[in-house]
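The first chain written gets the first letter, and so on, giving A, B, C and D; residue counts start at 1 in each chain.
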Amino acid sequence: MDYIRDFFVNIARSWTAWISTFLPDWGVSLVNYIVVGIILVLMPVLATLTLTWMERKVIGRIQNRIGPNRVGPWGIFQAIADAVKMLIKEDIIPDRADRPVFNLAPILIAGAAGLLWAVMPFGRRMIGADLNVGVLYIVAVGSITTVAVIMAGWASNNKFALIGAFRVVAQLLSYEVPMILSIATVVLLAGTMRMMGIVEAQVIPFIFILPVAFIGYFLAAAAEVGRAPFDLLEADSEIVAGYFVEYSGLKFGWFYIAEYGNLFAVSAITATLFLGGWRGPFANAVPALGPLYFIIKTILVVFLLMWIRGTWPRFRIDQMLAFAWKVLVPASLANLLWVAVVLKLPLPAPVQWILMLGGNLLILFVAATLLGRAAKRDAAKHSLTPAAV
Amino acid sequence: MQQVMFIVLSLVTLAAALMVVIARSMFRAALWLVLTFFGIAGLFILLHAEFIAVAQVLIYVGAISTLIIFAIMLSRGVMDPDARRFNDQWGVVAGFGAVLFVLLAAVVTRTRWPVALADVPADAIQRLGGDFVGSYVIPFEVASVLLVVAMIGAIIIAREQES
Amino acid sequence: MVPLTWYLLVAAALFCIGAFGALARRNAVGVLMGIELMLNAVNINLIAFWRYVGVTQMTGQLFAIFVITVAAAEAAVGLALIISIYRQRSTVNVEEIDTMKG
Amino acid sequence: MLSQYAFIGIFAIIAFALPVIGLVLAWLIRPKKPNPAKNSTYECGMETFGDTWVQFKAQYYLYALIFVVFDVEAIFVFPWAVAYNKLGLYALVEMVLFVFILLGGLLYAWQKKALEWR
């Protein structure tokens, strides 16, 4: 029974005990690193196989369709069929492409998607490496994606690909700022950058204390992974399909896997930073429940992102960038300073939390009001009043 | 083990740096620059300066390389791949660089550095934050002013002329 | 443990490569990349000295962060200048940018 | 501490090896029948003309510029945020000053319409 209670950690212990009977100490660490590494690196692939199916089903239901239903029961093998297709599809490299850079870009982007999982806390003592700089590591790994996108756009020698790449980069850069500021607010409240420390600091999930930081991070994350309504990077009807038009076969497949891997990763980060990560009822007594809670919360965030995609129209790029710089950045900065102010007030923690929540709601209200006014002014300027339409 | 890692990382860094200065295509040079930055971040980790390593990746790879690549794209029309990479004095400059390296190497290896090895404090990042608003508050605020002034200046310079 | 001199040698080599790039490149962006390499060499020195000489004080890391800040500001303004010059004179070749010539 | 980064190093090797292995596998089993039409650049079915010289807008550069400033700000904010609980009231005042200077820069950019997509 005790074995079951902390099932995953005990399995790992038994495994380590077994291999240490015939391996030296450094060999045990090496083997463990490699095993954990392989499991975590496969997360984006796993995410693609499950989330593409889930997304098709969810979007299908939202649009009053059934979704995939041919390959296997309820179409669950659809993703496998897609994977096989990617694998056996002919690979086409355009004539004047910069070949080494062209081939390197998908490898970099998929590798970066895998790297994110090194610091993800699945449960108590279930983390690849609990780095001192945990959350900042995640942001830093994200910058590899920026470089890979530019490489793909440049190397394809295609105007659409290059325009797409620049749009993506402008979007990634613009939304990284509110993302960093939201994370900084969480770090300020938790007092640590360790992923485990942030989870342990959430006596109540931070979403109930810092809704502005949650919304800022959530929208920024949706933009970073190019989810609708921020999916301008592959606005099919405007710039063909973005920076990876020229890619086919598995090279395209890696971009696809990176996209879904990043979707899953940012949902997991949202769950960790704002929804309490692996914390939940009885998670302290039965640590094996931790990963379950973590996955459920992550899937919940994924579902939220799919729901938004199914129901919201796409933004224009000017609206999108203006939203990042003129709404999210000032709101996140105000939130950061407000949390800092409240933390210095000589009050018990629960009162501080209520004050923070109050300030957050005020910021939300002000931002929403100003946004509404700006939208009305913009509509009037383009004479798009309901009467005119 | 650390020696091996050090040698691998420094070879990668130096080779990539060399490619930065001799690559024909500016875009390729920028990509080699990114690799150089990663190598240097690795060296920082070997030196137990993890925060600086992450900052290196965040600022140099995420921000400065992007700026450089954007500038390359903006000034691309004039770059034909057959153009000369170096100016006429490049031979002299290369000699100067080699001599400089020999001089520096001589100084570095001859000097007896007052090495005082100790363990890195566990709260290095906290101390860093404390120093920013403590004894180094003037440079800290000046950094903010510098960033804003640089931004304003660059916006004025880079904006397209209003027609 | 790697000796301090190794780090200093790598930094010296990086500095010289950067200096060569900054002085010999014809493309202004290339010159700027050389300067960035030189600044990075300085940072390696700062962090190496921090680790080996004064690990209890954070001065080395603080200076490295200020160097990074200055490098970012320098890159932003320098590249803006290059873009502006390119717009007016259609060149980024430092040999042809000689308006200051007396 | 270094053992954690040894893990990150091994992890990075595996993470970048996985796509390479996948691509090699695909290279072994996929068909290879290139022809000139297939390999030409895909641009709305027309022949591509000229080089890929997009009218690159300086606006992209302006966004990158403002981003750089805020990115550098982040490496000051994070250590401050981690240390904040142990610091006195002065930490708050100085960070407020720091952020307000930056905010001034953002407002300037806003005023000068550098944030406008054109």
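What we mean here is this: a contact is a pair of C-beta atoms (placed from the backbone, for glycine too) under 8 Å apart; a residue touches a chain by one contact, two chains touch by 3 or more.
Being a predicted model, the structure only gives us computed values, none of them experimental.
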Requested in this report: State the pair with the higher C-beta contact count; candidates are B-D and C-D.
Outcome: B-D
Query raised in the report: Where the centre of all protein Cα atoms falls, which chain's Cα centre is nearest to that point?
Result: D
Query raised in the report: Once you find the CA centre of chain A and the CA centre of chain D, what distance in Å lies between them?
Result: 14
Report summary line: Per the C-alpha centroid definition, the whole-Å distance linking chain C and chain D comes out as 21
Query - Computed distance of Cα centres, chain C from chain A, in Å - result: 34
Report task. Would you please write down the residue numbers of chain C that are in contact with two or more other chains? Result -> 65, 68-69, 72, 75-76, 79-80, 83
**Report entry** Of all residues in chain A, the ones touching two or more other chains
**Finding:** 131-132, 136, 139, 166, 169, 173, 176, 193
Query raised in the report: On chain B, where are the residues touching two or more other chains?
Result: 2, 46, 48, 50-51, 55, 58-59, 62-64, 66-67, 70-71, 73-74, 77, 120, 125, 127-128, 132, 143, 147, 150-151, 154-155, 158, 160
Query raised in the report: In their shared complex, at which residues does chain C touch chain D?
Result: 65, 68-69, 72, 75-76, 79-80, 83
Query - Contacting residues of chain B [partner chain C, same complex] - result: 2-3, 6, 10, 13-14, 17-18, 20-21, 26, 29-30, 33, 36-37, 40, 43-44, 46-49, 51-52, 55-56, 59-60, 63-64, 67-68, 70-72, 74-75, 77-79, 83-87, 89-90, 93-94, 96-98, 100-101, 104-105, 108-109, 113-121, 124, 127-128, 131-132, 136, 139, 143, 146-147, 149-151, 153-155, 157-158, 160
Query raised in the report: How about chain B: which of its residues touch chain A in the complex?
Result: 27-28, 31, 34, 50-51, 54-55, 57-58, 61-63, 65-66, 69, 73, 125
Report summary line: Note: in the complex, chain A contacts chain D through residues 29-30, 33-34, 36-38, 40-42, 45, 86-96, 103, 106-108, 110-112, 114-115, 118, 128-132, 136, 139, 156-160, 162-163, 166, 169-170, 173-174, 176-177, 180-181, 184, 187-188, 191-193, 240, 245-246, 249-251, 253-254, 317-318, 321-322, 325-326, 329-330, 333, 336-337, 340-341, 343-344
Requested in this report: Please give the residue numbers of chain B that touch chain D in the complex, ascending.
Outcome: 2, 5, 45-46, 48, 50-51, 55, 58-59, 62-64, 66-67, 70-71, 73-74, 76-77, 120, 125-130, 132-134, 137, 140-141, 143-145, 147-148, 150-152, 154-155, 158-160
